[in-house]
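Can you read through this structure? Questions will come right after.
For clarity, chains are labelled A, B and C in written order, and residue numbers in each chain start from 1.
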């Protein structure tokens, strides 16, 4: 579904992403791990068009999407959440998700229709599935941090993506909130068949739910394999797991 | 969602208010009708600015250019061509929208503050041309004695017409703010990056908003000429643009009716203060400073916030 | 004056010199604006008012000094200092509490200042035109290219480069200049280094406003000093800053040159629309480089 070949991006001479390659098949749950500054967020920004790659190729459903603006990439079926909470802070929870639905339905240029009765069932469905239905009329910016992160995911789901990219979905969350997000990711992947690509610091979470893992170091993708094999790889153990014999 | 009884009651109230507004010419002296017409025109102008400022988050620093463009196009068509008046009324917003599109295409590439400053610059170019082109625009004398159609040349005729057109425009803008486009426009205001990530072409939507706001400002310009019978270059001078911004701020720039209220306060206050002193700008300056320090959400914004704090669910999401 | 065909080379060269002396004033005012914009991120609309106040103060001080050369020099120094003092009071008393607010609020606040200053000037100096003669040693003209050229304009031509060099030294060779440049790029970092950013801002604001006052003082003998000169200069200064690149002092110089010269040449070509020429130049520049000619922010 997604195929990344030798992607590269420099900022003022510093190569944040040097040479990243990755394959994601439909229905998979793939994690990207790596130490801070390995280039995970930059890689995601390249995939979803917030940044334009300097070189390399980027295929989604067989189509080269490298260099397209973010909104075009989104319309091709890739949606994402951001590492730092990125919601519509002055709109209600309902309106946050509804905006995404309206965009997906291509109704954003309708000037005189009444928005309040549009896409209500689908929006409520998403809010219920993430557990924010009872807070639908709260202003987005007034939610707790954990709820804002969940809202972020709900917005991303609102555009009905084929591939969902999550940049540290549980960053800054309490253990209880993390468990909720974990459950949600599992459900989206297994029950709804959504392809998910995510990065995460919580190794336990990564190894428990992902089907494959890609390891990045200093802007390069150094390894791409199943969780048990990644766990046994010497380089990963050196970088992450303190070199202990886990296998 | 309000219960049907309440909705019925508020509809009745609105109908009564409308009836009063349309019957005012029967009782009110001409001067007050004139003042009320000015309030309506200025309020329409401020509301059109707020469409892009408060709901789009675009730093439209030189909105008056579109107001002036509408006024001059309207006036010149009546004075220099034999075309029917209704065509002039249609051309004014069309020309203003076109100008808005042109300026928007140049400015939209830039971020917030830069956008605003570039707009002031381009708008000043338009002003300079109007100000200097004596042969065509009358230069700094402006245009006087514009042949407004007979039925609208009386104070009460102009008032009724202005009232009807303003209400129509306000209703349209209210629809726009609450339409899917309005939703997306607000999402762009809150977070352009996130909006792009849900598949919204941010610049395209901003341009649509700018063109709409320009068109409504053009309507306001034509209405002003209808009321006043003249057009002058101060209508597109940048200080007027900032005065309209003050109106939006005063009334509450995150609310729909705030700019209307702000315009009413400023226009009435200016008229009233003008009786007693020549130092109106000093007073306006002090009011503005106090606003920035103590009432940055404006009158209506403050009222809504209070309501939201007392009852966080009911107050939210209303425009 | 007719159209381009009738213009002699001498008249053209002289007009260029006139444009260059106008450039001096524009550069001084615009560089102050640019300084404040680059470091504080405030589009200071009251900048034009300070220019106007500088001109009126110079008028009063020269009258006080009896119109002699000594009085002129004193006024040329004291008027900008007076403006700087005023701006210091405003910055510490009012503006410094608003730095955390949105740009929109800062812009509107400086607009409020402009409104207040405008009426204060009307209260103090009245609504009439004011004017005074150049100091004795700068009166009259010299012959350049066979045509008379005002001595005072020659004086302006000399002052321009001096101010430019002074600004260069200030921003590149002094501690405050270096800190200010760093603050323009990254406020938090400068704050984290233990430097009181608030006072850096105050200093930059006062220096910028001093330049506005200096521009007003220098322009005072050459034109009628009136209400409304604030409105005219501030838009020109904004245009110059924008085509030069926000916050870039050399951009302000380049922009002032473009503005002053197109204006001067425009007078030769089409006097009635001379004022349109610099505006057209601005549009041409912005269509091709919307972020200005030189790199934004220093």
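What we mean here is this: a contact is a pair of C-beta atoms (placed from the backbone, for glycine too) under 8 Å apart; a residue touches a chain by one contact, two chains touch by 3 or more.
Note that this is a predicted model, so its numbers are computed, not measured.
**Q** Taking each chain's centre as the mean of its C-alpha atoms, give the chain farthest from chain A.
**A** C
**Q** Can you identify the chain nearest the overall CA centroid, using each chain's own CA centroid?
**A** Closest to the centre of all protein C-alpha atoms: chain B.
**Q** Please report how many Å separate the Cα centroid of chain A from that of chain B, as a whole number.
**A** Averaging C-alpha atoms per chain gives centres 42 Å apart.
**Q** Using mean CA coordinates as chain centres, what's the chain B-chain C distance in Å?
**A** 33
**Q** Once you find the CA centre of chain A and the CA centre of chain C, what distance in Å lies between them?
**A** 51
**Q** Would you mind writing out the residues of chain C in touch with chain B in their complex?
**A** Within the complex, chain C contacts chain B at residues 41, 43, 45, 94, 97-98, 101, 103-105, 107-109, 111-116, 118-120, 122-123, 231, 235, 238-239, 241-242, 246, 272-273, 275-276, 279-280, 282-283, 286-287, 290-291.
**Q** Residue numbers of chain B touching chain C in their complex, please.
**A** Against chain C, chain B makes touches at 59, 61, 106-107, 109-110, 112-114, 116-118, 120-122, 124-125, 128-129, 132-134, 237-239, 242, 245-246, 249, 278-279, 281-282, 284-286, 288-289, 292-293, 296.
**Q** Of all residues in chain B, which touch chain A in the complex?
**A** 172, 175-176, 178-184, 186-187, 189-191, 193-202, 205, 208, 212, 254, 308, 312-313, 316-317
**Q** Give every residue of chain A touching chain B within the complex, in rising order.
**A** It comes out as residues 48-50, 69-71, 74-75, 79-80, 82, 86-92, 94-96, 98-100, 102-104, 107-116, 118, 137-140, 142, 155-156, 158-159.
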